[in-house]
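Next, two complexes with chain A in common: one pairs it with chain B, the other with chain C.
Right, the complex of A and B next:
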């Protein structure tokens, strides 16, 4: 699971209103090189929940010097864009789980695939 | 229309101009023509015989045809007749076909065939053969359905010296890239494939292939072989349109990206066609909520790689196969020394309850379950509406799009007609998937915020009906 995907995922357990962002508990993380496309990154940033990305990076110990808030003119800052590219696309959680922040329900991640299926009474 | 240029010099090295024919998934002729324009820079002509396009090319650019992703099979045209006047009787017609063999301008087409084989011998050649499982079948106006026949011809004498005026290509065993013009004892194996459609023909494709093939064999002194042939001659007859060609692709895997198949894996050319239809933009988040083995998002991650793909399914076998297919491609790229990572992720989920933020997705593209191959018609009746609603929720209002393939057109149309507040039909492409007629629906997500359209006010028909007798109006909730 890449952090870009994580940024879009939310808990959908019945009754939960604050199911985002899911907490990440990783037991295995891998790096996977992806070609850098600055236009992709700069256009993606407005679609993200920035604070959720920062939180996820923190949980994985991958934050480095990523700012807590977006810097102005980030579109032209290639260094910054490369850092964001790495976090969004190159860090992969292979084993672990995602946890609903409200209900505590854990969704396992195996082989990089989060299993978000709910049981009948949870849906 | 004559296919080749005036250059009659048979030695390699001279640039010649020919017409290439390509078979594409029926319904996607225009998207294929678009791709040809974009990657080769020429205008393609769409044949009246569905599923075929034609375009000119010079031999110095020939390798480009193997970069086309919307094309199943390629062939070089020997000769084309717009309005072939068939003789009255079968005997005369077949006799004429036989006489045709020695009169056709084979030279340039054979040069192209020769050149094309050198691409396959070069290292790192991509499997260009995106052939369909069977030859394309065309439906005639009237009762007759096209025959697809390959004809076994009587054995010719084994090795014979080249006696004709045409240059003959080297046989399979030749390992050199360049071809020698000096005649030597060689054995070319060939077969003729005839596709015939039309209700006014006095002959069958069987007979045409047999007689035409016999004459070809006689003319070139090649040997007929159904299975281990070097040259495949194509004889395509569609009413009065006759095209003779030489195949440039083999009938190899038409699912180029997929190494781990599932029961309903779509061929890559169809996936590509669907993707082109929705025009992915840089940074688009593209979702396939019923991904199966991941054919569509994987094709997207490779060909439209400035978008991001999330593939999801509820079956564990499906998500596992998807991940296997992704890994397979990444490994292949790594082996070639390229940056291997693809912009794609896989999630296991229930598509009627997607664990995705509202309005977070730009494009939804998927192959919806067909009643016949997977699931059932009755299940679709319940599934389609919930599916479409959930997809509308996650899709970005105003700018969002969906490209949905389904064979259950009735169910789909009914479901979509009740969702006018959320989805608008832009365009429909009628296609053929594994022999079944299906529709690819291009939808636009309306500006309406989810939860506030008239459809959302009434939660279900049952609720509405039970309230008909009471006086108060249903409250407008989220």
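Right, the complex of A and C next:
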């Protein structure tokens, strides 16, 4: 699972009102090289919840020097875009789980694929 | 991209003819269209036409010389092709036809191998292979501009794909759907019934980053029984990511998830530039969602596959589309599109059955016949309004005229001799 996807996921456990962002508990993380596309990264940045990205990066120990807030004029800042690119697309959680911050319910991730299915009483 | 240009056919336009003459397009427009179309074979700048070669000649001699001369200069190279639709011509006959064009003021030299300019004499011998006339019904002559992307249908054929399922969408239709959705470079595309990812493969080819989900654990993980005739189980390299890798677009792979489309896991924001999908019809793949058994019909025997779904409930077809339209209204970027297949029982069909949503505008509805009494319709919708915070659209059954199609599976089999009701295990993959 990539952090771009994680940024868009939320807990859908019944009754939960503060299900975002999901906490990441990773037991295996891989780095995977993906071609850098500055236009794509620039396009994605406004769609992101920046604090959730920072939190996820911290949880995985991958934050490095990512700023706590979006820098202005990021479209032309290639260094910054490369940092964001790396986090969004190159860091992959292979094994672990996503945890609902309110209910504690865990959604397993195996072979890089999250299983978001709820059982009948949770739906 | 030349989206938004008006479709302007010349007079006597026949939609079913393999030859279309259009006005009001620049060469750049045409190149843009041909870079994406998997339906169009080739495009030409029309210089002359007629029912006979004599008429063609008159027409060509009337074409302004100043439009011809840039392509006929002394030091340029060219070749003339002869293309005959619905007829095979001997080589010598082709040469004769080219020679008969000697009234054209070509000043350059012929180069068969790498000409700067290519021209084409096109002859239309009709569309009936059992009734081929001696002489063409119509003749065109023009300067070749470019070819369409029909090669993608062959190169991306499901027959050669690493990972397929019983209902993998064929390559041609996948690319058509991507075009309907106006998928472009750097888009984010989502398929909520992703299966083996055929639609994502097509979208990645057009430069989009792709993600998908499916309720079926085995399909998402690439496990379980193979859909190929001589293969029992799927191999280790069979999954959606491997399919993208096969075509060199693994860079565009975002994620796939095991998830129930009726219970979205995405936050409510304009996340996706396109939602493209082929929901289950309840025939070859089951329609399922998580939930209790309490007040639903028992599923047909032998129909569910092992799936890690805690408890399955029949997902009524009409609910699938209500949920899909709602999901799209909330998560599509404004002005962007939802493209999906709607299964239809033809005797009951009317246009009112096509699901609607106040935030989505219906752009197109094209039928593909599946049998005498069933078809599926390719529906394209565009987001025109943000959803207001109000009652969930579609909870009122009177607003869902598609209800009757919930029994689609029974209706599908009703016109067919009732066999044992058991599904074929390994149906042939739909060829192109």
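Here is the rule we use: the second predicted complex is superposed on the first by the 123 of 123 C-alpha atoms of A that agree within 3 Å, B and C clash if a C-alpha of one lies under 4 Å from a C-alpha of the other, contacts with A are read in each partner's own complex, and residues count from 1 in each chain.
Definition applied: contacts are C-beta pairs under 8 Å (C-beta built on N, C-alpha and C of every residue); 3 or more make two chains touch, one makes a residue touch a chain.
The structure presented is a predicted model; accordingly, all values stated were derived computationally and were not measured.
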item	value
Chain C versus chain B on the shared chain A, clash or fit after superposition	clash
Touching partner for A:120 - first (chain B), second (chain C), both, neither	second
Partner chain(s) touched by A:90 [first = chain B, second = chain C, both, neither]	first
Touched partner set for A:12, first chain B, second chain C, both or neither	both
Touched partner set for A:39, first chain B, second chain C, both or neither	both
Touched partner set for A:70, first chain B, second chain C, both or neither	neither
Superposition clash, chain B against chain C - the stretch among 26-34, 152-160 or 170-178 that is involved	26-34
Residues of chain A contacting chain B in one complex and chain C in the other	1-2, 4-5, 8-12, 20, 34-35, 37, 39-40, 43-44, 47, 49, 89, 111-118, 123
For the chain B and chain A complex, residues of the former touching the latter	282-283, 285, 305-306, 308, 310, 314, 319-320, 323, 330, 339-343, 345-350, 353-357, 360-361
Residue numbers on chain A that touch chain B, as the complex places them	1-2, 4-5, 8-12, 20, 32-35, 37, 39-41, 43-44, 47, 49, 89-90, 107, 111-118, 123
Interface residues, chain C side, partner chain A - complex	185-186, 188, 209, 211, 213, 215, 217, 220-221, 251, 254-260, 263-267, 269-271, 290-292, 308-311
For the chain A and chain C complex, residues of the former touching the latter	1-2, 4-5, 8-12, 20, 34-35, 37, 39-40, 43-44, 47, 49, 89, 110-120, 123
